[in-house]
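Two complexes are shown next, each including chain A; its partner changes from chain B in the first to chain C in the second.
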Partner chain A sequence: MRMPIPKISRHAIWAVVIALALTFLCFRSGLDFDYVIPKRLARLLAMLIGGVCVAWSSITFQTITGNRILTPAIMGYEAVYLLLQSLLVLIMGTQSLVMLGANGNFALSVLLMLGYSWAIHRWLFRDGRNNVYFLLLLGLVLTMVIGTFTQFVQFKVSPGEFSVLLGFSQASFGKAEPGQLVVSAILVAVVCITALKTLPTLDVLALGRDQAVSLGVDYQRTVRLYLALIAVLVAVSTSLLGPTAFMGIFVANTTYALARTFRHRITLPTGCAIAIAIFILAQLAVEHVFNYRTTVGILVNLVCGAWFLALMVRTRGTA
Partner chain B sequence: MITVHNLSKTYGTRTVLADVNVRFPAGRLTSLIGPNGAGKTTLLMMIARLLAPSQGDILIEGSKASDIRIADYARRVATLRQSPDFSLRLTVEELVAFGRFPYSRGALTADDHRAIDDAIAFLTLEPLRGAYLDELSGGQRQMAFLAMTIAQETPCLLLDEPLNNLDIKHAVQIMRALRRLCDEHDRTVILVVHDINFAANYSDHIVAMKRGRVHCAGPVREVVTEAQLRELYGLDFEITHSERGFLCNYFNPSGELE
Partner chain C sequence: MRAGLLGLFFMLCCASLLIGAQQMAWSQVWSLSGDAWLTLTASRLPRLAALVLTGVGLSVCGVILQHIVRNKFVEPATSGGLDAAKLGILVALTVAPGTGTAGRMLFALAFCFAASLIFVAIVRRIRFKNTILVPVIGLMYGGVLSAVAEFYAYRHNVLQSMQGWLLGDFSKIVQGNYEIVYLILPIVALAYLYAHRFTVLGMGEGMATSLGLNYPATVALGLMLVAVTVSVTVITVGAIPFIGLVIPNLVALHYGDNLGRTLPVVALGGASLLLACDILGRLLIYPFEVPIGLTAGGIGGVLFLVLIFWRNR
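Up next is the complex of A and B:
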């Protein structure tokens, strides 16, 4: 009765991930361990970190909000990131890339997104108020305001600078430096270990606020903790890879369909595996099929979107 | 015993509950009755700590509810709201297991399994144990949620309109189960109920509320009288007693409605 069948598919998906990872590392590499494989290893690590961030943040965010069509992107993190990049280019021109360096930009992006989330959480949860829907509404409106502002900035810059900005607005695994990868990996590991201890609480949270409170969950504290953890994950993945907005919805819903359980102990790892597999597949296609003429972001959105539509139509919303 | 002391709740300038003082006797079944908007659910939700009072205290066995940690409170008071709505795919057994969260925080012990089995057996839900909630009828679902609340094994249970949308047989089943919880397990049960006949026939104690205040409170025989109910609901009642209990007839009141 404890659902033994999904267990097989859960292990199978990890086998798929490992196979994909090996393929990615070795395919047409000429087994060049001096240059090609270390470079690919860095990209693979970026994908691992990105996959964990996207899956973990989307699934916990959907549990907290009790809604399966949301991702943390609705809170405006990615909008803040794009605004920062646009402003940097507007104020300092492409010089900013040189002045800050990749690491400086990464650190600045992470700090700004964390600061942004701290500010809105603090403002919204002042004097003990606790309305997640109001938080969502505020995030949505801010996303639009910031997005419009970013567009305005982008009209001001030169075509050359604009193409630099365009690079920032697409997810890519190539731009992450080894130093950033290490910092990101540590941050993500800390978040995941913190969250790991409280996964059963997250299961209870899925029953809704009232039921969770009457089962002894300190709702306010738990929700704030998880929103903070989500902010860290999103800040890391956005600074490292760029925006991945749509992917979270797809990953989370595919996870629910595959895992067929509500337990986060199972859905979170499965979600991570799915996200990583998608990233590797997309990157393989970009490198070997499209020869860098398209981007991972475009591929992911296209394939995920189509697959998700098919899933919705076939299962009529039970996904 | 739960005692409510000068309890008020206001939203801006609107007062939903004004200076309520009431006692809920231990080991008894108490019904909260009254017209819509009387503040019954508000009072119950504040006892459940799902809503913060604007003023006043709730005392549970002499200690202030707001001083008790929420995790400890869940071992003393269990709450069931009107059929919670969520999209999880859960079996009845998994749902009932949630009732043990206040004790085991997710890792079920042998004692937890015993409590889950007891709760399922108490409501004779064994045939539905492995059934998914979204495959159940409304009445069966409500029974499953009640089983979760029972598995919490708290001295006190709060239920917000547990009979809502149930057919009469399921309603009788639920009320009988609650009655047995009081009589056989010495639990304190407080529920909001709209059906005056269920309240009159199954309760020990009734608290009648009107416009945010306690209209009257006491044993069933004192509250369920034609005069009291007429004043409470603004309807003409005819109350008959038989071997099977009370029957409050309000279906064809004489005279015009106010």
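Up next is the complex of A and C:
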């Protein structure tokens, strides 16, 4: 086993994150503590929560499936979320937003994803063997079918409703409301504390199913627990920010490269720091470079996707 | 089996001619003028031709791509081809708005061809342990391309109309704006002419080269055929998923991978499936219609899932 990176450079990542956060808060703010900075604080909190969600869910998911290229986003979680939003707008129009309120919509999304996660779990271990590739294909097909359907809905609705839908289907930090932020923060905190207690088990799971079982882990139960936790995290991040697509793959793999270990006590915090740093950088670029003429989601997809592809080609990576 | 497929195809063609929002008095058709004749020649026949050609083109181009990449789960939608064509059209619209269909077609063609070349290069460079990961990489690649397109579209505020012309829809096909689709005919002829070479291509680079095949040239030819078909279909009808995925897989299950023999079956199957999807789309909320992108996505998706289940057994 290779040595984990020294503590100093791990701290350096967090130092970078803090520096970025301060830049984000104060840059061109005129130090206006009445309006500008509180608003920015809310967005910063959304980024923190989103970053933790994306990194945490991707890394745990990859550990469970034993694959470095799968993330919840690819497995169809985000497609399910987008389908829900499109259906709501198609059936009830923009009134659905008023009727449900931000929290109602949020609760519905979480419930739906928990349901999907339960279905995934049923499928994964139906025959007692690991059907993860089969499931991946299922997720891909589902994403494509739902994508077509969403496209149809987006085509059907009026431009006003489309712009509402666009708010859901593009990642951005501006739409999070304080109440939703608090609820999300509590949920994420609960999930993280639950997960922190069982981190050593997660390390054992990374060895693979057979090893884990022979080391005395209740495999089924643990995996079920983690899939549920992942569902909550994905639901929080998608309803808070919108779909982040390939961000998860990028964050997880950069984390493995930087941390040079697979121990979750180290990879999880590092992953969170990387994800938060990327989000802050993207948001800074959107606000100050592109002047709101693009969105965080587009930027993240563009840069992370391109970088990851380049990485795979350059290192002749085996996927 | 083949005769059955042919019969089914003709039945579907007739059904496609008979269905439409405009009630036709068929007795008048024989006078070769009047309303019924106009409906037939200006709308029903062009639509039928476009449907058949698109179905044939999509399934043939799926099968060629699958032989080049040597993976059964690849089609233009899962290899970035569609996204590249979309990007090409977008660039054509903003850079040279006055060029018309031919200009857009050229841009889409160039982008799609370049993107396919890059995709093949990526796939050849990365060694995959599992075949399902190839389409994942393809989707990711497509995601990057479509992020570029969205970046561009968001700035010019054309995101919604972009979604509009990307969704496959045959209702706009009337005489005068679909003729470009006939470009698929020579493509299919070429594909058939080179069918044996594509079969050998599917055996891998080493085998193909030792059998005397010019590997790079054949790959380039195949990708060119795919790029032309994709850009033509995206320009005339929009994106239609799954046809290029389901039909080649079904045919390969029954007839194997010898393209010289299976290509006609693939072509007929593709046309029949697309016709069936279109008829369903026209009947579901008659006299309005559901875009074919949706019905093909639904039916194709379900068929594909059944196929995977069946193979997994």
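Throughout what follows, the second predicted complex is superposed on the first by the 272 of 319 C-alpha atoms of A that agree within 3 Å, B and C clash if a C-alpha of one lies under 4 Å from a C-alpha of the other, contacts with A are read in each partner's own complex, and residues count from 1 in each chain.
As a convention for this text, a residue touches a chain if its C-beta (ideal position, glycine included) is under 8 Å from a C-beta of that chain, and two chains touch if they have at least 3 such contacts.
Because the structure is a prediction, the values reported are computed rather than measured.
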Which superposed partner A:284 touches (first chain B, second chain C, both, neither): neither
Which partner reaches more residues of chain A (counting touched residues only), chain B or chain C: C
Which of chain B and chain C A:192 touches, first, second, both or neither: neither
Partner chain in contact with A:134 - chain B first, chain C second, else both or neither: second
Touched partner set for A:262, first chain B, second chain C, both or neither: first
First (chain B), second (chain C), both or neither touched by A:90: neither
Parts of chain A lying in touch with chain B, wherever the complex brings them together: 1, 66, 68, 128, 199-201, 203-204, 206-211, 213-218, 260-262
In the complex with chain A, residue positions of chain C that touch it: 73, 77-78, 121-122, 125-130, 132-133, 135-137, 139-141, 143-144, 147-148, 150-151, 154-155, 159-160, 163-164, 166-167, 241-242, 290-291, 293-294, 296-298, 301, 304-305, 308, 312
Chain B - residues contacting chain A, complex: 48-50, 52, 70-75, 77-81, 84-91, 93-94, 98-99, 101-102, 105-107, 130, 152
Chain C partner contacts - residues on chain A that touch it in the complex: 69, 74, 133-134, 136-138, 140-145, 147-149, 151-152, 154-155, 159, 162, 166, 245-246, 249, 293-295, 298-299, 301-302, 305-306, 308-309, 312-313, 316-319
